[in-house]
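Each of the two complexes below includes chain A, the first together with chain B, the second together with chain C.
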Partner chain A sequence: MTEAGPTPPAVETRGLERIYRIKPRPVTALAGVDVRVEPGEFFGLLGPNGAGKTTLIKILTTLLLPTSGSARVFGFDVVSETKQIRRIMNMVAGGEQSGYGILTTREQLWMFSQFYGLGTREGWRRVDELVELVGLTEQREQRVSTLSTGQRQKLNVARGLLNDPWILFLDEPTLGLDVGAARAVRELMTAWRAAVPGRTILLTTHYMAEADELCERIAIVDRGRILAIGTPAELKRRVQRESIFRLEVDRLAAGARALAPLPGVVSAVPASEADTGREAAGRGTVAITLVLRDDAALGGVVGALGELGARIVALRKSEPTLEDVFVELVGRGFEDEAEGDGARPPMPGAEPAAPGPSHTTHPHEPGEPSDEPLAT
Partner chain B sequence: MSRTAVSGSAMSEAVALDPGRLRGRPVRDAWRSFATAARLGWQMEANWTDPLLFFIYSVAKPVAAALILVVMIEVIGGSAGRGLRAFVVVGSALWSFVVSGMAGLAWSVLDDRERYRMLKYVYVSPSAFGIVLLGRGMARLAIGAMGAAITLAVGVAFLGVPLDLARVDWPLLAVAMPLGLVAIVALGAMLAAVCLQTRQESWSYPEAAAGALFLVVGAVFPLHVLPAMAQAAGLLTPLTWWLEGVRQALVPGSASAIGGDGSLWAELSGHATPGGIEITAALLATSALVTLVAATVFRLSERRAKDRGLIDRTSGS
Partner chain C sequence: MNALVHRQTAGPREAARWNRGRILANNLRSVAGRAYPRIAGLAREPSWVFFEILLPFLTTSSFVFVYRALAAPPEYVGFVVLGGAMSAFWINVIWMMAAQLYWERDQGNLELYFAAPMDLMSVLFGMAIGGLVMSSTRGAVVLVIATLLYGVTFSVAQWALLLAVFVLTLAALYGLGMVLASLFLMWGREAWHLTQLLQEPVYFVSGLNFPVGRLGFLGAMAIATLPLAVGLDAMRQLAFAGSAVTLGTPTPEVEALILVAMTIVFLVAARFALRTLERLARREGRLVTRWR
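Entry: the complex of A and B
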């Protein structure tokens, strides 16, 4: 980075590829990612399990080397300029119980403050400041091993803020936390970034609502590719011209798949748990997200359901969510993976999906070129 | 790629981005990392919830190891074995130090990665990874030194090890100690490099490696009983020279582990046992070699771990 010139992008990758050479065959975790995050942005990477989110974060945080392509953080190359990057970034991952159990909250933070080159007094001052900021004042002299999962994650966040990073990488920071702890972590992150202009956050998540709530711009990733980039509103506009219904039915043996071939149906996929899927599962019914070309197609669907012997429990029209965008982009629901790759229903109007057992192959592209980021 | 949709929050002048943050002070920062890692490493190793376990591990184990050897030579050699006592007790005490010193670094890698899951956070901090590991390893080195000192004290007090402070060769001790320390740490770094590559829990690797070395370094029996190849391996190992140097310094005139009738040393050098200068020179040369090799191996291992994504791997993941 030239100190006089304009600030380079916080993150910039070009043709970034990462292949894991493992048996029985190599896995392509990133298949050519081009992404640019500006300083000051709250940027999200949204994608299902195995999409390559963690791999991208690991490359940007200098934990992993790319196979090809380039990646820069504030203009510094992740391969050759790691020292600079490590001084100005930090990262916090979720879903793991990390920590030096035998140290106290303050000791563990102090240890890292020294790794970040803070002076002794400055280090303690910063530690106490952060302990208070994340709400661990009562636990400050408690051993890390005695902290709850949520408290440990707050400690982890405090560690991530020790060096007051220019950019903070968050890899599913709320994974495994209860609603209250997750909200606390989200609020911390939002407040931290807003406090000083220029602070940048790159967050990965597979919670749609989290991405929608926190991020100014989102990249939707799947199978190592970026399918679309835009603000949540821009992304949702992609599906606005269609009609979206949340449908809950009883006695539909074939599930959502049975509706996909009907005329006027753009897609019919099981609703995600986060949406209505969990409640429906509790009632023993099937929740389906139904995307229709227009409202008029609904009559046909209702009729077909009757012929199939299914009973409609609930039906409502809904505003598009990021999940609908994802379905539109990849032709399958976010949590469809369990059904197996080959069994996915084909998108109407598209070539049938090439069965892709691993991430080395790519499924059909939906109607429009999808790895082209959204431009508005 | 079109980027017309770039966020509006990008700013021409970003207040948070203080370029001063990019600069560090290499020497001061390295020292800080090392000292902190050593201090908290000590807290983690020694501040065990169970002091009894700590005692057994750090004191009882090395003392018992020395006692077993003493009893064994007593049974086998009878009174003839008496002369070997000092040799065996000193060798065995020093060896316990070698083992905990070598294991220290390797176990820090495994502990941080497997148990605490903090290795990646340490790794992405600006402090040099190797320096932090060294600091962490110091704690076990110190615990090992404590065990060795107590074993020696037991040897002097109860087993008739003829340690006479007035006769100790202090200059030789002062030169041999730091060189040996460097060699032990270098070997530990090599083991750490190996452990970084493994996906299984490889807690036993350090002790296995130490066990193999134990055979050729003349810790409790002289090299000349070994085949020539094994003796050659021993002569190339800095630990052999370190043990010899410290033993000759503490108990001048005690039996040599390296020379003697029919030893490879005698054959090569033309005289029976190496003197202080020869020991020092050999220790210096072999330590330097091992340190160089260790630094290279460690760097290669780090690079490979980064290439394969092993830094945050756990055996469960």
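Entry: the complex of A and C
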């Protein structure tokens, strides 16, 4: 039996607010969040620690009540229709140590399968399929207490897929994982969505590259507010007012300054101090950060380089990163977050970030200046 | 279909619609699922034989020697052996069942239990059944060893009633454990300290090692409030029928009715406490979240 009419949004919140009544002062974790996630989307919530991401996930997974506003998951209200939501969702968090160390990998998953109502045999069959899928076949009879962090997280992912959820909430799922394990988790998520059309994933992360790689749309969250929503490309376009290229040239005797007066060129400077040194010495390949008003100006630059007797070794267009978008929106980077837990580690499994250009940012106007740590 | 595709449903709205049969099956399976780690643990960590059987057996033995030294009626040795066997359940309720949700929260399991579709009462039932299996093993071992070692002779006239009282005692005891589990989670360390404080007085008034009727008014109060006290007293009366020792307590039939009432009250209270707990957890946002 099917229901008439279109499937409601996977997630829809309106004016969602959550205030923690803690001493000495109440803390606003969500300050009027409006977000809509379509069925089948891979949607990311990107923000620093304390931004309100986890609070939003806890409300959507029915673990927390909103203070005001509304939130629905596939049309079910998170306050009054909790059982319906719990039947079609699952969640996996980074650093999760759930379960019982005395059980084996298979037993642990079977136990959780029973909580989702799978029959005994059906549960074992599903467990065996998932154990193989996540690459824990060798550890299937191993006690959970002896699994490595990465294996444990694969186990958690398998648990999250046991009931074949229509929406899967992933709260920092690669936190603390090594390169291989993090990549494996990301690949699993991508494969799952590809194999089971219509399933929705809501991911929270503070790894920008992870959000960029996985998510179709991203909401940038800070201090309980959604600052921007869009595809990664849309968000990046917000900060890209000029075209930026990394140009590597030989034999440019006149130096990068020779390019600056050309039509359409905003600036042309050596990409690093080392390049400045090589340019001054007149030896070797020099990398130049070339900022143009638009791509059309590139032809003139290439022509001028030929006339100057220079040889182009490499030319690559530099894309802004989501971090640039965050800085543009908030006026500070993730690392600047006062109540963060120290330096932000690089995303496990990510390629080292190319030295990108510094994009023009405008003085920010933070929405809610506050020294309060936000409980999430 | 592969591991990534489990059940084909037309859509999320349809998948969320469960009939009563499916809800019941989900809860029954959850009971079995949660009982499983306890039962599996029995075989995997045999150290419990030492800690939960041999050590407590010493306490029982010491009382046996005291009664023999005092030339107490032989039934008293039987009383203390029965008390020793039943103490397994009491310890399980107080030490494991009561602290279970608190421990589950710190492990990160409680959040997953709340987020799963089953009723949390099923999880508590599962914990209780797992604990029951564990404690029954211990109780049975203590009973058999002590009976053989100290030559206890049972005289049972009403086997059916004895069995019924035993089952009712366990139902009431684990009902109490389910209430305590929620209270422990809500009150945390304060509840833990209170239990520590009350442990010996409760052991005393439960009459684990002597007939509770000897305590007069205090014993009557214990029979009215503590499932172990009333259950143990009824079982002593039934297991040593025609004993020359007058216990001075209500008949086993009356005590069975007290146990029925206790079971109902504790189960209703456990359900109420769990609902309160869930409401508080969702409102406050801290009860299900482990300490970090």
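Brief remarks follow.
Heads up, the rule we're going with is that the second predicted complex is superposed on the first by the 258 of 376 C-alpha atoms of A that agree within 3 Å, B and C clash if a C-alpha of one lies under 4 Å from a C-alpha of the other, contacts with A are read in each partner's own complex, and residues count from 1 in each chain.
Here, contacts are C-beta pairs under 8 Å (C-beta built on N, C-alpha and C of every residue); 3 or more make two chains touch, one makes a residue touch a chain.
Nothing here was measured: the structure is a model prediction, and the numbers come from that model.
Partners chain B and chain C, brought together by superposition on chain A, clash.
In the superposed pair of complexes, A:102 makes contact with chain B and with chain C alike. With both structures placed on the common chain, the touch criterion links A:233 to neither chain B nor chain C. Looking at the shared chain after the overlay, A:302 reaches neither chain B nor chain C.
In the superposition on chain A, A:254 makes contact with neither chain B nor chain C. In the superposition on chain A, A:191 makes contact with chain C only, while chain B stays out of contact range.
Of the two partner chains placed by superposition, only chain C is touched by A:132; chain B is not.
Of the two partner chains placed by superposition, only chain B is touched by A:34; chain C is not. Look at A:216: by the touch rule set out above, it reaches chain B but stays clear of chain C. In the superposed model, A:62 makes contact with both chain B and chain C. Touched by chain B in one complex and by chain C in the other are residues 1, 3, 7, 20, 39, 55, 58, 61-65, 74, 83-84, 86-91, 93, 96-100, 102-103, 107, 110-112, 114-117, 163-164, 166, 196, 198, 375 of chain A. On the side of chain C, the complex with chain A involves touching residues 2-7, 10-18, 22, 25-26, 29-30, 32-34, 36-37, 40-41, 44-45, 107-109, 111-118, 123, 281-283, 285, 288.
Within the complex formed with chain A, the residues of chain B that make contact are 1-7, 9-17, 19, 21-22, 24-25, 28-29, 32-33, 35-37, 40, 43-44, 47, 49, 116-118, 120-127, 132, 306-309, 311-312.
Chain A contributes residues 1-3, 7-8, 10, 18, 20, 39, 55, 58, 61-65, 74-76, 83-91, 93, 96-100, 102-103, 107, 110-120, 123, 126, 129-130, 132-133, 161-164, 166-167, 191-192, 195-196, 198, 375 to its touches with chain C in the complex.
Across the complex, chain B is touched by residues 1, 3, 6-7, 20-21, 34, 36, 38-41, 43, 55, 58, 61-65, 74, 83-84, 86-91, 93, 96-103, 107, 110-112, 114-117, 159, 163-164, 166, 196-199, 216-217, 229-231, 234, 372-376 of chain A.
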